[in-house]
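Per-chain numbering from 1; labels A, B and C assigned in written order.
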Amino acid sequence: MLNKENLKRDLALVREKSPLVHNITNYVAMNFSANALLAVGASPVMAHAADEVAAMAGIAGALVINIGTLDAEWVESMIIAGKSKSSAGGVVVLDPVGAGATSYRTEVAWRIIEDCHPTIIRGNASEIMALVSADVKSKGVDSSCSSDAAVDSATMLAKRTGAVVVVSGEVDYVTDGERVETLRNGSPMMPLVTAMGCTASSMVGAFAAINSDAFEASLHAMALMGVAGEVAAKGVAGPGSLLTAFVDTLYNITGDELADIVRQ
Amino acid sequence: MLNKENLKRDLALVREKSPLVHNITNYVAMNFSANALLAVGASPVMAHAADEVAAMAGIAGALVINIGTLDAEWVESMIIAGKSKSSAGGVVVLDPVGAGATSYRTEVAWRIIEDCHPTIIRGNASEIMALVSADVKSKGVDSSCSSDAAVDSATMLAKRTGAVVVVSGEVDYVTDGERVETLRNGSPMMPLVTAMGCTASSMVGAFAAINSDAFEASLHAMALMGVAGEVAAKGVAGPGSLLTAFVDTLYNITGDELADIVRQ
Amino acid sequence: MLNKENLKRDLALVREKSPLVHNITNYVAMNFSANALLAVGASPVMAHAADEVAAMAGIAGALVINIGTLDAEWVESMIIAGKSKSSAGGVVVLDPVGAGATSYRTEVAWRIIEDCHPTIIRGNASEIMALVSADVKSKGVDSSCSSDAAVDSATMLAKRTGAVVVVSGEVDYVTDGERVETLRNGSPMMPLVTAMGCTASSMVGAFAAINSDAFEASLHAMALMGVAGEVAAKGVAGPGSLLTAFVDTLYNITGDELADIVRQ
């Protein structure tokens, strides 16, 4: 079970230490993810040049690799950065956006897993299932099935890779291959804000930068995402307003509110 | 004339079928266009890698090619995706952003037209006129003339290319070279939200994915854009709020409201 | 001291002339900067293709080069555009995002300075100091020190390069190497909106496009940024709302309000 005191401690630590989170992420997510990280107190940087990714990853508390708008050159930079970060013992988060939608994405995701040994992998149900079974097809970047269906795949993926695996959806699952924790906050409107999942991966990076227990850090980051989405969705007129309210909520939420509202 | 029952049917179909819309679009538009598509019920994906664009276009209901922040590599991906999609009989929408601003943009737009045979071309007045007459110069990506001035060019372009051509502006025009339909909704504040035109092109893709009559689909998508912009603009404090309210309106608007408010 | 009548005149001129501002800027900033420029009355264009940057810069009132998400190919385009613009006597604004965070960024910033002779350089304290002293390290793209600490560096940089140098922070400084002007508006929440600094650089471009006195233009643009941020921050719930309110304020603010609220 999630330890509420530790959850509050980690939110306070993110705000106090303002960890630098190096994102090699997609064009759709960059602005929203940066604003979410700033709102919670972290310090985002986006950098993808092969000439500097190792240096930038080196000064960051976590590296987040997101393949949402990948291409051959960016993949090379992701690999350079990821290898450098993991070989130095640092935190690497992988978001395998659209794995299963095209074979290229599935292959690139696996190449990153094998070369960069991510600490944490976070995806939606289709993506996590597609990494484990070649039979699963994603519809673009949106999940075509519920997160419940992906728990077994997540456990297998965690065992096979040594990564903590997070499946986000109506229920979020966090597993290290042995333990499985659930989180039951959020709002049905959250998937209608583009890059909400990508932002969750960046948030996982921020928490893993200040808590060396990757399992607990992932759980805490996903708790914050779900609670902030749930709080923000109250009374908003639609997903446009939710985007704004979500960032405001990350800025305003207290540790006590977070601990009170989180449900497992 | 626009058939209001068909308009309502198409809005319902987009929400029901949630068509996958593959966008190869510009960096400025990506987030807003994705949020607008999600809000209306479609499923956006942004993907530009030469290694996967044909596969991604193949599983999508429509491909939207937008040259707003083009470069040589992206153009090659646009051509690969567009050729693949059109040769399979699929829907290709072209947004020739900034045609006429530089000769490079005009040339690339024509290359895409000739290689990919777009089903629908949507632009502002300057862009559509620049595609027909080399004498027309655009000021960057904003139109320097009213949409009325572009009706003849739009008709000529439609006849020459076989595409449905949409000119957006204070009055929107939709033509297949024979018929010309008008739409008279919207707000003067809409052009102050960047990528509103790009988002219109993506919306056209969503409707063309569920209605094989490209002329009617274009008319319906533009009707929704104009009505949503007009509704959203009521009472907002400025273009920042309009962006948010526009996305919320796409999410909330009913078919009856849309049919009531649309004006030709 | 800032001349309030000239400040009002320049805001009116931006709205009247709607200068085309050509941005080669980072992926995080593009949407927000475009919306801010549109809201104030300018006409933004984002274009980075080597095939067209000289042509696009040639028709623009100002070129803004921002290295936030640089890579080797984009840097070549920045240099082509900047050389072309400055050799024709045009306005070039440089935003050396993240200078000091990696040596690559510092080197690229200097290469642009030497090749393109920027009219104006705008950065945060860490960035400006890092350009002058190799000992200064930035933490990603956020400043690690107050703007006061960078005044000497700014003056040295202005003398060495011939550019007007702007340091933004709690107090903004504008210097041409001899004169130093301060601006004391803003809100502590402004740095929590990503790309606020990048947008300031684009705003400087808009004002420098209509006022050939680069020192005064920079002062006026930064006055508008600080005042709009301060006005917008009143009563907002957090940085998500601030982004929206900031754009709305740029759209609504009058010259008289601007002149009344500005503090030096």
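As a working rule, a contact is a pair of C-beta atoms (placed from the backbone, for glycine too) under 8 Å apart; a residue touches a chain by one contact, two chains touch by 3 or more.
Everything quoted here is computed from the prediction, not taken from an experiment.
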How big is the rotation, 0 to 180°, that puts the C-alpha atoms of chain B on those of chain C, in steps of 5?
120
Taking all residue numbers at the chain A to chain B contact, is the shared part over half or under half, that is, same or different?
different
Chain A to chain B: how many Å between their CA centres?
32
Got the chain A residues that touch at least 2 other chains?
27, 31, 243-244
Which residues of chain B touch chain A once you look at their complex with the stated criterion?
20, 22, 27, 30-31, 34-35, 38-39, 43-52, 55-56, 59-60, 73, 243-252
What does chain A use to touch chain B in their complex?
26-29, 31-32, 68-72, 98, 101-105, 139-142, 191-195, 236-241, 243-244
